[in-house]
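Quick heads-up: structures coming right below.
Each of the next two complexes has subunit A plus one other chain: subunit B in the first, subunit C in the second.
And then the complex of A and B:
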């Protein structure tokens, strides 16, 4: 008995220690006057190097430490504002791009930043190792560095400057050459202990608890940063973020960490604001992926019927509670550079859908059912799962019996993108500023099995493939934009997949946090101008 | 006096049986009262209870009728609970009787297998099984049965061990009855009553495991169960608590009813001779 008591006392002591080990004040202003912003983080990426892993989970933390050449902007020319580069220009033949770099920038370890760092990052990391850079910089041959502040990217084949420009915020995180050269880049310790040029330094990381970023006093912009510390509290439980905001334990939760269904309530809490801006360049798309190897689904009339059976207004109003927009095609509305509304539209029309299915030669059986399908909703978002439940009902209304199959992330990716074991799937792909980055791959044929978020439904359309290929080599901006407009029309016409809605995330913050959503990639930008009201 | 009558004369047995009867009637009446798919979108989303006579218990986040879900959920919960308990009992009875009657190495082997199953926490075993084979009604039933057969097996074995030494068992051997016939026709019926008391607990546990699996998203997404209703409701716990509370109460009442019946069976068995005053 005494043994049990002893162990329990030990246990209690352990708990007390754990509670003490998060020593941060819950107030914005600590006793010592530190301007500290505490935010919620829902994941702890294994590799925190944004030059290698260009994903939002990594950027959310790393973009404050490691900067890109340019950042997305609401007001800047071509939707960009300078970061490490101050000017950029593409040659008329599409074979080179010249970057003028910022003067007087130093790395967090005190070494000067120069064009050699950009050349090294581009050739050794973006082109070879980065998930998105591998395709954007596929034809990058060399990077000339005539002086310390000029980098000239030279391409083997004409590469559209428009694409490079649109990709700048996402694919061009610059890391220090002197820490990576001659090492195994993928396992370099600097991938976790980041060294960058950004407004904040990564000071401390406690797995399962927090990341602590401190002010970089030597930041090139002398007016920034306006905070002394950023703490990322790891809160994987979605319900916890809302409660932590209300208790003032955190001051900001980005990436819809507070569920949509809780927004109406939390927006009424005094001192808390709900912000839907700041994600314009990170648009997620709700897409029905179609397995064209299935006889019924290879028929355009059946695909049209499914498109007509979906009530996009219901999806936006009820599933997304208004925090989304109905889609017309594969390019979202908030990419005005490429978007065209001049595409085939599919209104919600159950009678028409039923007529189309009758025409296609799939009459209702005696039980009212035409045929049965397997429907695999992606498990990543609550909304994709809910849309799965909705789509099953929408299909039932037109006599198609859909059987829902729920999988975890790994099993879902394997089933859809490797084994093609689906008839319909629901995916949330991201539009990343240019259709060539992650959008055309959704309809292009010839992608090997196993590539996630690619066309694995066996769809092959020579005309569309041709447009995609041509656009990838067209240097002239206007001609290239036109090609992508044709691309949108063809996709809406032939329905290799069905675009249903598009949405951005929601930030919930205390009133004291200023300059939230100051650019279209705000949550994953450097937060140099973010401030706390004193 | 019949077992049923004795059961109903205990207070807990009577209350439990009545509650179960109500649940069973609800389950049976579901397709009549709420024809069609209970997962169909029937009205506006997030209608609170008692706001609209068409939806007395309100609607969920997609506009599905909570009352219809509750009735159809009773079907799923009771069906899974009974099927899983039946399967677990069958396996348990056979293993227990064979082990107890045969003895020797057969007993050793069967009991070690039982041990192996018993050391794994019940719910984890079911969870592992379902996550590998995918969530469908059948796999959930098998998973629960797989994790619940050990207790009846042990109980039956213990009973059989004592019964097989009695005179009538010896007499059956003397007149040359086949051992299997002795085991299953002479001994098993005598060993059965205590297992019946246990069976109610297995049903209750099965209903709980099914709900927990659905709650974690491992159930069959094409049917409505109380667990899946609670899982959906959890996301909106603070703005629409009734979505989790209503199926939670149904689950609580059902499991309580089953326990009360089990309690009643126990009392009835113990008061075999005396007049039960429950």
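And then the complex of A and C:
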């Protein structure tokens, strides 16, 4: 076989390619000497407007063009650094938040940026249309603009400033009022041909091939940007990103575009570095969702048994190859503002799990099985699918027979979140800086069917709902944080779902790319300080 | 000429019901897959509430029944309107128009190469049936045929684009180079070498085997014996008499293969990041984008029908017996 492959190579070498075998190199420098960064992209969002679609897929490209009021930071106060806002303050009654805006900012089309743009974005887009803003700004009533550089958000009900602050990087992308006012916002052409205030302009988009961003010479920070161009190459095949880096066709692949299993090998390639920092504010959680309408799973002892049957260390070491952390509860460790370790722990203990199931009244049958259930792993990540295979084995060890059902994205969404046609499901929800944004919805009752990444397992716990509701209205930061600590304890105690692990993504880049991972949302931040070594 | 006109008439009349069945079937097939375009969209943006989902469904027309949507689609189609892609938020026709040339260039080159090389090697193999050369060629071509396409693609990529750096890594042309004219053509040609070679190597075996088998049959015919008796040279018999007469079944296979190539290019397009038809189809299925998928299948069906028409015409030209039977 090896002999055969060799002869084929020789054959090809000798014939078909001889004419074309000119040494080939693409590089950091384009032919005319521009400083060009080429990165891998795996999706092409149809709506690229981050004010409407606050998702990582959109931010990855759009955050360089359209900026939020503030960005996440390793060093800044409250984990934030200023962008379009320079200062922010909440009133003691929780009914207003005042933003001081940056002076001397212009839109890419040359018009000046002002508080009117912020007011318009907030009231017409974030509150009405944005997937996450609709809940964060649900009680936003008006935005006062006493002058061009001040915007005062006024809420109908007390709204915790802590929540608004934590949500700033994700939900406050500002778009130009003059292009959107009086149009159908959802179908406005500017949703694709972005106009922002960011360090880069969207110059060109060739569907299926690439996005080209060019330097904004009029950027408000005169020391930035440090690149002339960013090219996003659309590489749909996951196996291709690593090879593209080796071939120097791209210089950076974010969001674990290079699969974890390739990292050990590629980290040894000279000139390539593997970076696991820069995703601290984009933590994904590996969660077992439970259908509480199923008789066996409504029993806390059964849920505890399942929690004890999972070897979290194995999951972290073998499935995530060490690039993850075991979870203790619904808030990840790298959200220190809210995290508490003081919760019920479920160590890996198969004997205890078996004992719990016996106690619950589900003895093993003659075939060694207690009962069977359907397990639906989410298809979005390799790791969620692999964990599905692991969980099936882990459950077999305690006498529960799990049937794996694999679906594609749309079918999984329908089966789990609309039709509740599952017993256990594996989900990768995202923790977005504050439990109220996308975490409490995972256990709160009363969400209608059809909403992805929400509690569709029929779990209802009045005490827990009360805590969630209270936290959503508590303005005092300390009291609110305490409520979320209680929330974590209750969830760990009653197990509406089982938190297994939490992970950030991996960036693989050439050594020439500088200032990678300079903030906790780096891949989806503006890359104003990203540079290329010449 | 008359028999060709008759053939054309028959084929065009037969095409309409075929296309209708293809459309209805594709539409209902995607409909039967669980989840709809809104489900796919909500997942891709990381969530959304129930009102958003409901308003999107109304906007996409998904709140109507399957049959009424199929009816609306067919009604629009009579005005040559292929509809609106919900996954891309663009007219289907413009999407297809953008991607079709890419796929045709890729597929056309691969078909030509595999047909040419395959039939040539088939002749070489069949010139001395059972010889070592014949057996080696058969084995080699079958091995290539058995190798999964994506694997062969990745292997060639790693050898020629990563290690040797002779050829560009992927894509249809150098990104954002804004080349024009001949320079652009040369650039595209260089980018197409690896995907075309991959596709050709996979399909080579088919043409080789068919050519070889067909020639085996012709060798046994009386007119070959006669040619021998006339004292023609072995070379002349091989090329002028055997190979020529064996071409007929190969043309049939060519027609059938054109459809398979359209499908096989999905994987190759994805590995080599070429923005073609296959990838569009994959995205249409993942996004439950019925208008786009049906549009793609419709265009593919039209393509296959016309290729087969050309094959039939070719047949009629190569073999006078065929067309005359049809025309009667």
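The rule we apply is simple: the second predicted complex is superposed on the first by the 509 of 534 C-alpha atoms of A that agree within 3 Å, B and C clash if a C-alpha of one lies under 4 Å from a C-alpha of the other, contacts with A are read in each partner's own complex, and residues count from 1 in each chain.
The criterion applied here is as follows: a residue touches a chain if its C-beta (ideal position, glycine included) is under 8 Å from a C-beta of that chain, and two chains touch if they have at least 3 such contacts.
Note that the coordinates shown come from a computational prediction; the quantities given were computed from them, not determined experimentally.
Undergrad: Which partner does A:38 contact after superposing on A: first (subunit B), second (subunit C), both, neither?
TA: After superposing on A, A:38 lies in contact with subunit C but is clear of subunit B.
Undergrad: Check the residue A:448 against both partner chains and state whether it touches subunit B (first), subunit C (second), both, or neither.
TA: second
Undergrad: After superposition on the shared chain, which partner residues are touched by A:212: those of subunit B (first), subunit C (second), both, or neither?
TA: The answer is second: A:212 touches subunit C but not subunit B.
Undergrad: Quick one: is A:239 in contact with subunit B, with subunit C, with both, or with neither? Answer first, second, both or neither.
TA: both
Undergrad: Which one hits more subunit A residues, subunit B or subunit C?
TA: The larger set of subunit A residues in touch belongs to C.
Undergrad: Check the residue A:481 against both partner chains and state whether it touches subunit B (first), subunit C (second), both, or neither.
TA: In the superposed model, A:481 contacts neither subunit B nor subunit C.
Undergrad: Name the contact category of A:188: first (subunit B only), second (subunit C only), both, or neither.
TA: neither
Undergrad: Classify the contacts of A:489 with the two partner chains as first (subunit B alone), second (subunit C alone), both, or neither.
TA: Neither partner.
Undergrad: Residues of subunit A that sit at the subunit B interface in one complex and at the subunit C interface in the other, please.
TA: 239, 407-408
Undergrad: Quick check: in the complex, which residue numbers of subunit B touch subunit A?
TA: 37, 39-41, 45, 61-63, 131, 134-135, 217-218, 221-222, 235-240
Undergrad: Flag every residue of subunit C that touches subunit A in the complex, lowest number first.
TA: 33-37, 39-40, 42-50, 52-53, 87-89, 95, 98-99, 140, 143-144, 150, 154-155, 157-162, 165-172, 174-177, 189-190, 193, 197, 270-271, 273-276, 279-280, 286-288
Undergrad: Can you name the residues of subunit A that touch subunit C in the complex?
TA: 4-5, 8-9, 12, 16-17, 20-26, 30-31, 38, 43, 45-47, 53-58, 131-132, 134-135, 187, 192, 204, 206-210, 212, 229, 231, 233-237, 239-240, 243-244, 246-247, 249, 380, 407-415, 418, 430, 438, 447-454
Undergrad: Using the touch definition from the top, list the residues of subunit A that touch subunit B in their complex.
TA: On the subunit A side, the touching residues are 238-239, 242, 259, 261-262, 264-265, 314, 318-319, 379, 382, 386, 388-390, 392-393, 396, 403-408.
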